[in-house]
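Below you'll find the structures, each written out as structure tokens.
Heads up, the next two complexes both have chain A, just with different partners, chain B and then chain C.
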Partner chain A sequence: MNSKVSNQIAIATLYVIASTIVVILAALLGYIIISGLPALSWHFLTSPAKAFTAGGGIGIQLFNSFYLLILTMIISFPIALGAGIYLNEYAKQNWLTSLVRTAIEILSSLPSVVVGLFGFLVFVVQFGFGFSILSGAFALTFFNLPLLTRSIEEALAAVPDEQREGGLALGLSKWETVLHIIVPAALPTILTGVILSAGRIFGEAAALIFTAGQSAPALNFTDWNPFNISSPLNPMRPAETLAVHIWKINSEGIMPDAKAISSGASAVLVISVLGFNLLARFVGHRLFKRLTAG
Partner chain B sequence: MTNLLETHDLHVYYGQNEALKGIDLTFEEGGITALIGPSGSSKSTYLRTLNRMNDLIPNVTITGTIKFRDQDIYAPQTDLVTLRKEIGMVFQQPNPFPFSIYDNVAFGLKLAGEKNREYLDQVVETSLKQAAVWDEVKDHLHESALSLSGGQQQRVCIARVLAVSPQIILLDEPTSALDPISSSQIESTLLKLRTDYTIITVTHNLQQASRISDRTAFFMNGEVIEVDDTKKIFMNPARKETEDYISGRFG
Partner chain C sequence: MNNKLQKQLLKRSKAAKLERLGKTVSFLALMLITVTVFAIIIFVASKGLATFFSNRVNIIDFLTGKDWNPNVTNSKGQPEVGALPMISGSFVVTILSALLATPFAIGTAIFMNEISPHRGAKLLQPVIELLVGIPSVVYGFIGLTVVVPAIRSIFGGSGFGILAGTFVLFVMILPTVTSMSVDALRSVPRYYREAALALGATQWQTIYKVVLRAATPGMLTAVVFGMARAFGEALAVQMVIGNAALLPTNLVSPASTLTSVLTTGIGNTVMGSLQNNALWSLALVLLMMSLIFNLVIRMIGRKGAMSK
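Then we have the complex of A and B:
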């Protein structure tokens, strides 16, 4: 077989593999969205779920998902940023930092259900937070931290060393250089990482079943005092998220329109995650352009 | 005239490897000194020792004295921030920060706490004019500095150093990443600055050294072989190694 033929075989094989992946992805997305679309309506997106009768919505679950996402980000982003800055800018290459890196890698490969059970034991039981948004947010922080730290670290590492030298040569301290030059320069990449991890958090179910709970008590959307139990902002209330809701309906839903609700909720979830991904590209691209081309 | 900067018996070691083997050099105020020499002759190491940029490299040992206005810059009480404002540096790769041209030039002052907008505007304009890049960028000061060409970026970097009004400007092969036209623009910029600033530049380009510098120091294998007026070095060097190098017999 000459090299020309083997080259063509290789190209054809790669085409087949690539198109298989695209077809599987398109079929999956298409199926979820097409079977979910008929269920979607304003009423469906805003009204609370019903346990036994048809016509329930996903309003509270949708709100819970976003609230949990924001709370998780508020907790995990500062930690991840600090860890990323430490690992990339300050840490010396020795056994301790390689241990930290290994630990982060191991943490990122933990099954999310294990993270959930750990969160249950520590936050729900030991700390007495109960099934609550706060427990869920802490569990998701464990789940989110490794990947976010890694992506921030990589974003910082991609900033050329000339920038660091430039800052120091201007008489900036190391911290000023990091704060005023390196982090801003890495911002587009950091933001992309944040939004992508938001998509992962949004779709997470297993880690939340045992931490944020599986019930969505009715919320009073006119009461924004976080200390009231029926307030949407109360972090100590149990909060079933969209992804958990889908799991719940499919395992033990007894409402007559369970299938339609599950399809609709799945479509909303997939569209949201897709939205996060597109947003990440858009924002990252825009910021990069603003920084480079004026 | 007193010496602005002087080094005595300056040794630099990277681990076990002795990169600089006892350098004695003095720099008077004003003028351009060129450091020339083959690759690996440690002239960049020398330059980066003068504003303590080498401190950042792990495993580096520095002995001997460097005096800036009779103060030992390696003394414990030296304030690095002040030192690097007095002794600015321009690098081989243009390294503007990913901000606007204006913010790049005003950066040093802003961080030092300067808030007066009019004063900042004025310094930015003066610095960019001194760096001979004002006419090209004055209409888009608030666009990203990364959108400029390499030569313009390098001159903005020079302006950024000038804005904090240093005494000495160190340049580490400032034109080696630039095309010939940009290089000659940088050269004429430096020639304009030589009356107000003390300039020390490392260059691989011998023509450049002979065109712009007043004094030339020839480095080889971590030692200064010869230092003298540029004319003397290029027309009538005292040492055979110098002659061999500038006539292109090696290096």
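Then we have the complex of A and C:
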């Protein structure tokens, strides 16, 4: 066969493959959005779920998802920031650093079920937290730490060395340079990483079914004292999230409108992830412009 | 006077103290992550090995036994904890979905980077980024409402099984493998292509004989990464595979994977019982496989680095 002919055949094949993928992906997104949109309403987004009858909503699950996301970020961001700073600014090239890097790599590739089981063993059983938001937040922290650490480290590494030299030349200590010059310079990239990892946490379910639990007790949205059991802010209550809810009603749900609820909840999840992606882009861009006066 | 100056000079300054504090705190944060990783491995291993040490199950029987029914003891007085159905289920769905996803992912990556780097990539890039972020339960739900009924109407039976799991995992790992393959292609220097084209190679010859060869380690990493993700995926697979702990004999009968048995079983067993320990042993197998995937990725990286 002539090489020109085979070139054309190959390129045509690549076009076919790429368009197949586009069709699959577009159909997937379209299906989620189109089948989910009819279910979406203010009532659906705010009312509690019903176990046996139709007409339940996802209000509590939606709140739980956001609350868990915020708690996880509060716990994991400082740890990831510290770890990222040490890895990029202080760590020497030695066996300890390579051991730590290996450990982080292992943690990032662990199946989320295993992380969830570890959380179950340690926080739910050993520490006696029970199925609670707190246990869930710790499990999600382990799930989140490796990727967040890596993205913070990369953000710090992208700051040019001139900035460090400038800080040191002005007589600042290394730590002051990092805190007052390097971290602010890397802030837009760090925030982008944080928001993208928030999208991942928001949709995670496997690590939560044995830590945050699979039930969503009724909440009293007028009681904001975190020590009351029916308060939305109480971190010790079991909290089924949106992603867990989808799994739960599809594997053992008995309400008659399970399919409509899962379609609606899936659409909410996908739209949220889309929102996180857009926000990450927007924030990175906007903040970068403001901070660099560009 | 002299004494005072000496004291001042010998004392650590405020900045130095702060420096020390900051360095220590950030080091502790890093150590926390490292210790956690070892804690996870040790905890899961100690629970998982209890089946073999305190319940005296033979490890060979566990890995090769075909019957999974921890409540029943067999003729030898041993509980029936053969994990082969789950282990083979996990491997079959992983390998099949990787086989299906690899040509599509690499083809799309080539298209995005070599054939149509402007229009095609601009269209595909954001879609793929979004799909990487779609929660796995959503994939499972779509598998349940679209893929399972489709398989049911084509092949008969319940529709649940390896084939449904393969399709769900195929769509799930596709965006991940594609975007990593694009990165691998992007890291091939531009002058490789220019040199090949200058020698009179066609575009396809350039891609096939030069660019793909140079990007092979990166592509392999992408595929192994996708396989690791498929192997560890729990809920999406659990929703469509049918959850029958039987050795898979065909692609459309209900089967199970390590993760699907874990998600359905852990909540229904008592801590410390044999039934529970056997599940932890499955988790240990899962952990071991994850470590092996990690090792493979490292080895590919090292090999790829040497040949340059």
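Just so we're on the same page, the second predicted complex is superposed on the first by the 270 of 294 C-alpha atoms of A that agree within 3 Å, B and C clash if a C-alpha of one lies under 4 Å from a C-alpha of the other, contacts with A are read in each partner's own complex, and residues count from 1 in each chain.
In this text, a residue touches a chain if its C-beta (ideal position, glycine included) is under 8 Å from a C-beta of that chain, and two chains touch if they have at least 3 such contacts.
Bear in mind that the values here come from a model prediction, so they are computed numbers and not experimental data.
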{"item": "Touching partner for A:Pro146 - first (chain B), second (chain C), both, neither", "value": "second"}
{"item": "First (chain B), second (chain C), both or neither touched by A:Arg290", "value": "first"}
{"item": "Chain C versus chain B, contacts on chain A by residue", "value": "C"}
{"item": "Which superposed partner A:Ala185 touches (first chain B, second chain C, both, neither)", "value": "first"}
{"item": "Which superposed partner A:Thr222 touches (first chain B, second chain C, both, neither)", "value": "neither"}
{"item": "Which superposed partner A:Pro160 touches (first chain B, second chain C, both, neither)", "value": "first"}
{"item": "Partner chain(s) touched by A:Ser173 [first = chain B, second = chain C, both, neither]", "value": "both"}
{"item": "Which superposed partner A:Asn94 touches (first chain B, second chain C, both, neither)", "value": "neither"}
{"item": "Those residues of chain A which chain B touches in one complex and chain C touches in the other", "value": "172-173, 176"}
{"item": "In the complex with chain A, residue positions of chain C that touch it", "value": "15-16, 18-19, 21-23, 25-34, 36-40, 43-44, 47, 103-104, 107-108, 110-112, 115-116, 120, 123-124, 126-131, 133-138, 140-142, 144-146, 171, 174-175, 178, 202-205, 207-208, 225, 228, 231-235, 238-239, 259, 262-264, 266-267, 271, 280, 283, 286-287, 290-291, 293-294"}
{"item": "Chain A to chain C touching residues, read off their complex", "value": "3-4, 6-7, 10-11, 13-15, 17-18, 20-22, 24-26, 28-29, 31-32, 35, 78-83, 85-87, 90-91, 99-100, 103-107, 109-115, 117-118, 120-122, 125, 142, 145-146, 149, 172-176, 178-179, 196, 199-200, 202-206, 209-210, 214, 243-244, 246-247, 250-251, 259, 262-263, 266, 269-270, 273-274, 276-277"}
{"item": "Touching residues (chain side chain A, partner chain B) in the complex", "value": "92, 160, 162-163, 165-173, 176, 180-181, 184-185, 290-294"}
{"item": "Residues of chain B that touch chain A when the two form their complex", "value": "51, 53, 56, 58, 80-85, 88-89, 91, 93, 95-100, 107-108, 111, 140, 143-144, 146-147, 157, 160-161, 164"}
